[in-house]
Each structure stands twice: as structure tokens, then as C-alpha cells.
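In order of appearance the chains are A, B, C, D, E and F, and numbering begins at 1 in each one.
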Amino acid sequence: MTDSQLTHFNAEGRAHMVDVSEKNTTDRTAAAIATLKMDAHTLELIRQGKMKKGDVLAVAQVAGIMAAKKTSDLIPMCHPIPLTKVDISFQERSDTELDVTATVKTTYVTGVEMEALTAVTAAALTVYDMCKAVDKAMVIAEVKLLEKTGGKSGDFHRAT
Amino acid sequence: MTDSQLTHFNAEGRAHMVDVSEKNTTDRTAAAIATLKMDAHTLELIRQGKMKKGDVLAVAQVAGIMAAKKTSDLIPMCHPIPLTKVDISFQERSDTELDVTATVKTTYVTGVEMEALTAVTAAALTVYDMCKAVDKAMVIAEVKLLEKTGGKSGDFHRAT
Amino acid sequence: MTDSQLTHFNAEGRAHMVDVSEKNTTDRTAAAIATLKMDAHTLELIRQGKMKKGDVLAVAQVAGIMAAKKTSDLIPMCHPIPLTKVDISFQERSDTELDVTATVKTTYVTGVEMEALTAVTAAALTVYDMCKAVDKAMVIAEVKLLEKTGGKSGDFHRAT
Amino acid sequence: MTDSQLTHFNAEGRAHMVDVSEKNTTDRTAAAIATLKMDAHTLELIRQGKMKKGDVLAVAQVAGIMAAKKTSDLIPMCHPIPLTKVDISFQERSDTELDVTATVKTTYVTGVEMEALTAVTAAALTVYDMCKAVDKAMVIAEVKLLEKTGGKSGDFHRAT
Amino acid sequence: MTDSQLTHFNAEGRAHMVDVSEKNTTDRTAAAIATLKMDAHTLELIRQGKMKKGDVLAVAQVAGIMAAKKTSDLIPMCHPIPLTKVDISFQERSDTELDVTATVKTTYVTGVEMEALTAVTAAALTVYDMCKAVDKAMVIAEVKLLEKTGGKSGDFHRAT
Amino acid sequence: MTDSQLTHFNAEGRAHMVDVSEKNTTDRTAAAIATLKMDAHTLELIRQGKMKKGDVLAVAQVAGIMAAKKTSDLIPMCHPIPLTKVDISFQERSDTELDVTATVKTTYVTGVEMEALTAVTAAALTVYDMCKAVDKAMVIAEVKLLEKTGGKSGDFHRAT
């Protein structure tokens, strides 16, 4: 495949799950981020929740980890991948912005970019769900791949 | 519940699936949008794909519709909802931006905002997956609710 | 919609989950059948299995019932439907033919034809799976709707 | 059906999903409990976890709620039920015993006993999973229905 | 196991998921076919759909690929298998017959016959679903294994 | 990790799916048991069912095997594991007690204790479901790990 063509299409031009049976098994990692923009009041409520037994971010974190495991069930052309690690963390970027970051690992023939992206998306949607009663206008402002390592196509590190 | 408190927490401060058994069954709709930002070359490739039998957007559309049906399996505190309609459409906003819009309907005791948001994010993730061989830097931007109607809490229409 | 056009397409010509929110809630039933064709020896082995504690058909039956509940997760444009009954039965048509029949009921705004068809195919695939060590050439033949009742489009009874 | 016969069997003696289409839609609730028996040291570690941002019980609670929604996918003859509420709570019965309780509600034609039981067992299994590195001998004891209300068969309240 | 006995039964005569832990990891492939019989008018409508952006076969293809990944969730005694390729294609056999073919690959200890059969079945059911408004009498006439390679039991090629 | 700390928490104190990418692939087994306590009359009815074509235990067995495959979808921090064997058996401990035992195998980097425990739990819940019309007071009295082998942490054999 050259850099200028889409994979996932067979000879008829239809989508298929690409053949990875000849690819090498290597350690592979991916990290992705989603940034939520909300009212300062909403973020304050989430922050207070952290102090309690059950908080928004604890639920979002579980949602993100479980979603990573469902990636191949959600994204049609994704291969099922034996994930060896999923970790999610949250960081306040400002008084109105919350970052969700996921790192995923596998030792397999194909990478885990989609798993990392699915994890942060599901975590961000869960934050929205749990806060929508007070802030329906909340936006998931950006979802993007931060980096990937492993595999023949080379590493990717997003320029900052 | 007042406008300033988070739902989804029980008396112990833990998350729970809120009781909707006393809410009224009404017609409810929701619409959500996500905007993909990519290289002009990538969008050109997607556009060409539209001309063929199997295209990126056809797969993304199926992914979005199927994801809407999985919402309560992905978002921990969401109720299972009998969806009566899911529709997804794509629109080019510029040479490097593609909008994904979803509209969802139900006749039930709780709304379908999360289903619309889940549909657009799954469709957007699928576009990313099918194009990542040529454009790993693609970003899913501005995932947000456009409007909701029905239910006691009143309608929501995003200011533009 | 007239009788000569396909539903499931929106104004752009793309597939969508059709709007059933204006349809009436009525009792609806559907029945479907699949016929397995196999070696007489294989059917004999299945028959003997019936005499034991765990038999091929007991597993196939559970598979068919569980698959009926997964229909909207398997068939992209199917609505989730609250099934009120699923029943599966087996009948030997000849020394080499085994029929699988499913009847499904709901009280809802759309019908259960796909649930009945999904149930018989999953049951038939399970029979194949459990017998393939001895009969890989087994064929699942004539998967078809037997009848449906309820709903505005009228009843359907297959001519025999 | 008399009180002395098992349901879930059709005329051939095979299991089926019983027909509930003639049953009345009423409010229905169920509560179930499971008791975990563990080392005092293990319970102490769980207790300390409660003080932190992410704790064992927060994860177990999400697991229990999500499992309630999967009941009809796990228990073959269960009907899919539109749950209107799921709540889980934890209580220390002694220095070595932790109770998990779930209450579930619906307004539907059949009851939610299995959803409550599935919720407490999934929550208890999650506690086990998160503590098994320090206490493999932990036991999930006394999983049982506490009460059910609604429906024609009458209420059930466990004698204490 | 001799050629004349069913596997999938344990010592008590009950079904189990057979032990494959001693089998060799090898490249394995399977191909299956399903043939749909319909009105010439229906096939004509599907054919026209191919010319449009979203067509019946594009949806059926996604359904087939996603179903292949769900095989072990549908067929009770199937092992979860890390699929490395799934491809589906369509071919008109006559004016009233449409073939759906799937090829599946893995590098694992057990084969992918069931994945190929599940893929063509789900794709065929999806075609039925999307056309049933105009042709309820459509039949899935035959579902069968075309070939399998890899594994100790030897290759299988259906006689034509 | 020392013997006195809980895993499954990251540096922020939040739950994560622990990194197993450096662990060795070895053969691993686990066995678990669940004991159901019921009326003698109920156990008698189950026993009679064994004689028929479709019995409670046949359904429970399928439920247990299928649940083992869903473990990582139910228990949030569990890794997806390629199971190579699942077997379930039933044994009467007394006139009022029924044991459900599961043995699970894999060749992988992490163990299958949770799969064995999930299997017996789902099987036991299925027995409850199919008998609850006659015996709502039935109790799952104990669910526990019997033994595990393989892996660096050493074998576990429950003292009897």
C-alpha cells in the first residue's frame, strides 16, 4: 500500500477486514486524548464528586476501559485484539476544560490506535451523560491520537 | 433535582441508574453532530470512495446506527431505550472538514441525547479507522448535542 | 412507500433505521423455518443424543432463543424489539433432513420476522458446529419466513 | 401452571422463552443480596480504597449496574426488560463480611428478579477480581432474592 | 475421536467447549457461501442500489463482517478466535439468485468454518431485512461450507 | 506488588486494567464451584427434567459456557482471554443441594479464575431462573475458586 490509498477495500471496491496474517507480532502501544469543554460550575461539581465515594470520573474511567474491550464490536473493520493494558487518566486543562487520556498496549500483529480512541470517547460521553442535567451544552472539543509505537508502518508522535 | 446538582448519585454518593419509572412516556428526539478535520487529500479520497460500490461513509453510517443501539451497553448509567428511528448523514463543511449528523427518535420515558452522541462518535471513529493508513493526524472535533425535544425538562436548541 | 421500492434508505440514498414512531402497537407474531440436510448417519447420531442428558438439539435450541434476542445487534437496520415469546422446535422431515422452526411474539410497533429467521439460522448453525467433525458437507437449506401476523402491511402466509 | 411444575418447557419438553404477551403491565420491583466473606485484612484494604478517588466498590457498582442491563443476554430464557432503575449499595456486615444489595424497577409484563440477582453477583465477582491478588480464598455467599413486588403471582418477602 | 462420533460432549454426555489447548497453531482459512432466491424485480432493485451511495449490499457486507466477529457469542460451543481477515463478496448467479461468499483467516489452534458460515448467514439475513417490504417470500436457499484449509483434520473442498 | 496491596489501581489511585504484557505465556487452568440450596421438591423436579429432552441443567450448562466467554465484558478490569476449554458439570450434594463445577483452560499471559467463577455463577443463576416459579427462596449458597494452576504467582488449591 502506498501512502495515498485507503485500505479496507477489496478488489470489488467493497470494505473488508484487511488481512493481517502476514504481519509480525510486536509490542504495540497507543495513546489518545479527548478534551471536554464545559461550564466552570460543571467542572467544579465533578471536582467535588472526586472527594466522594462515587464520582463521575470513576464511572467514566470504568466506561472507557470497558469500551476499549468492545472496539472491534463497534468499529466494523477493526480486528479483535488481545489487549494487555488499558489505563485512563483525567487532567484539568483549565477551569472549563477536562482532558481524558488513554494508553493501551498489546503484543499482536496489528495496532491499538482505535482502542485508545474508543476508550477516551466512551469516557468523555459518560462524563457528558452524568452531567447533562446541568450542562447540555458541554462539548467534546477534540478527540485525537497522541502517539503510537510498534509495527512496520513506524511510530507516530503528534506534533504539539 | 435543582439545576445545580448532578444526578446519577444515590444517597451514599455512589452512581446509580436514576429512577425514571414515574416519568411520562412522550415522543422524544435528539440530534447531534461531530466534525472530522483531515487533510484535503484524505477527504478527496473519501469523496472518490462515494463513487464506488463500497465507500467509507457507507460503513461509517452502519457503524453509527449500530452504535446507537449499543448506547446503554457503553454508557454505564444509560437506560435501555426502544429506539424508533436512527438516521445519519454526512456533509462537507469545507475541503478539510466533514460533518456527521445523527437524528434519533423514541416514544419513551427518557430521552435519546446519548444515543445521538454515541452514533456520531462511532461513525466518526469508523471514518478515522478506515483512513488512518493515510492520515493518522485526523481529529474528531466538536462532538455536541444540536437539539433535543420532548420530556419534562424542556427542549434544547443549541445557539449557533 | 409503494410495494415496489426498498425502504431503509434516507433522502441521500443511504441506509437508515426507518422511523416506526407513528406505527401502531399491536400483537405481532412470526414463524420461520430452516431445513438441515445431512448424512443419515449424522441424523442418527443426533437422534441418539436426544436420549442422553445433553444433546445437540438442546444446545441448538438455547442458541436459537438467545440469538433471537440479539437480532437488532446482528442485523444493522433492525429495531430493538421487546420479545414476549420465543419457541423453537425440531422435526425430522426424512432420514437426512431436519427442520428447525421458530415462533416469536411481541406487542410492539414493528414485526418480528427477522427475529424468527435469526433464531432458526443460529440454531441450524449450532447443529452444524456440533456435527461438523463428522459431516462437514451438511447444508442449511431453505431458510424462509412461514408466516407473520399483525401490523398494517397485512398478514403473510407462505403458499405450500 | 400449578405451583408444582417448572415453567420454561414447551410441549416437546424443551426449554423456551415463556409467552408473557397476555400478562399485565404493572410496576415491578425486586431486591437481591450477596454477601462476600473475606479476610479482615482484605476488607480493610477495600475500606481504605473508599477514601481514595477510585475504589473497588465504585468499580463493582458500575459492573453491577451494567450487568443488570445484560441479564437477558446472560440468562437464556429471560425476556429483555426495559429497566427504569438500578441501584446498588454496599454494607459491612462484620469485619470479614461485605453485603452487596441491588434494587431494580420496571413497568412491564414480567418481573426483574433475575436482574437484581445478576447485578449483585456481577458486583461481587468484580470485588473478587480486584482483590484476588491478596485473597484468592474469598467466597461469594448467600446470593438470594430479598423481595419482589408487582405481577400476578404475588409479592415475595424473604423471611429473616 | 473417530470419524463416527460427535465431539462437544463431556463424560456425563453434556455439551462442553472442547479442549483445544494441545492443538497446533497453524494458518487456517475457510470459505462459505449462501444463495438467496428472490423475485427478479427485487434483484433489479438491489442492483440499482449498487449505483447509489448507500446500497443493500454495502450494509449486508458490514453486517457479515461484524457477525464473523460475534461467532463465539452466537454459537455456544465455539472458541473465541483472533480473526486476521474477513472478506465478503456478492455475485449474481442468475436473474433471481444472489450468492454471498465469505473468506476468513486466522493463525490459531482451531478453524474458522463457523465464522465463514456465520458471516454469509448474517449478510443474507440483512439482504432479506432490507428487501422484505417488497419480497417477503425471498428464501436463503443454501448455506454451506466451500472449503477449509489448515489443521490436523485435513483440508475440505466441496465437490461441485 | 507485595501480598498486602490491591492491584488494579494506577498512580492516581484509579482503577485500570493492569499491564500483563511482560508476563509469560503458560498453560493455565482454574476450577470453581457454586452450590445451590433449594427445596427437595425442586431438586426432584430438576432431576426428572434430566430424563427429558430439554432439561434445566442442559440450559444452565450452555449459559455457563457462554458466560465464561463474556467474562471480560462483565468484569471491568478483566483482560480478554483466548479460552481453549470450558467444561461444566453438576452433582447432587444432598437432597436439597446441587453443585455446579466449572473447569477452564487457556495458554496465555494471565489466568482464568474469573472465567471459571463467572461460568458457575451464570449456570447457577440460570437454574434459579428456570425454577423460580416453584421456589423463589432458592439460594446460591457459596461461589468459590477451587483451584488454579499456572502463572508466576503459584498454584492455589482450596483447603477442604
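Keep in mind that, in the parts below, a contact is a pair of C-beta atoms (placed from the backbone, for glycine too) under 8 Å apart; a residue touches a chain by one contact, two chains touch by 3 or more.
This structure is a prediction, so every number in the text was calculated from the model and none was measured.
Shared contact partners of chain B and chain D, listed by label: A, C.
Touch-path distance (fewest steps) from chain B to chain E is 1.
With respect to chain C, maximal separation of chain centres occurs for A (centres as means of Cα atoms). Residues touching across the chain C and chain D pair largely diverge in numbering: under half of the numbers involved belong to both copies.
In this assembly, the C-alpha centroid of chain A lies 16 Å from the C-alpha centroid of chain B. As a whole-number value, the distance joining the C-alpha centres of chain A and chain C reads 36 Å.
Chain A and chain D have Cα centroids separated by 31 Å. Contact with two or more other chains is made by residues 10, 12, 14-15, 53-54, 57-59, 61-63, 66, 70, 73, 76-77, 80, 82 of chain A. Remark: the chains found to touch one another pair up as A-B, A-D, A-E, A-F, B-C, B-D, B-E, C-D, C-E, C-F, D-F, E-F. Interface of chain A with chain B (complex): residues 1, 3-10, 12-15, 41, 45-46, 49, 52-54, 56, 58-59, 62-63, 66-67, 70, 73-78, 113-114, 117-118, 121-122, 124-126, 128-134, 136-145, 148, 153, 156, 158. Against chain A, the residues of chain F that register as touching in their complex are 10, 12, 14-21, 72-73, 76-77, 79-82, 108-109. Residues 50, 53-55, 57-59, 61-63, 66 of chain C are the ones touching chain F in the complex. Partner chain E is touched in their complex by these residues of chain F: 27, 57-58, 61-62, 65-66, 68-70, 80, 82-90, 105-107.
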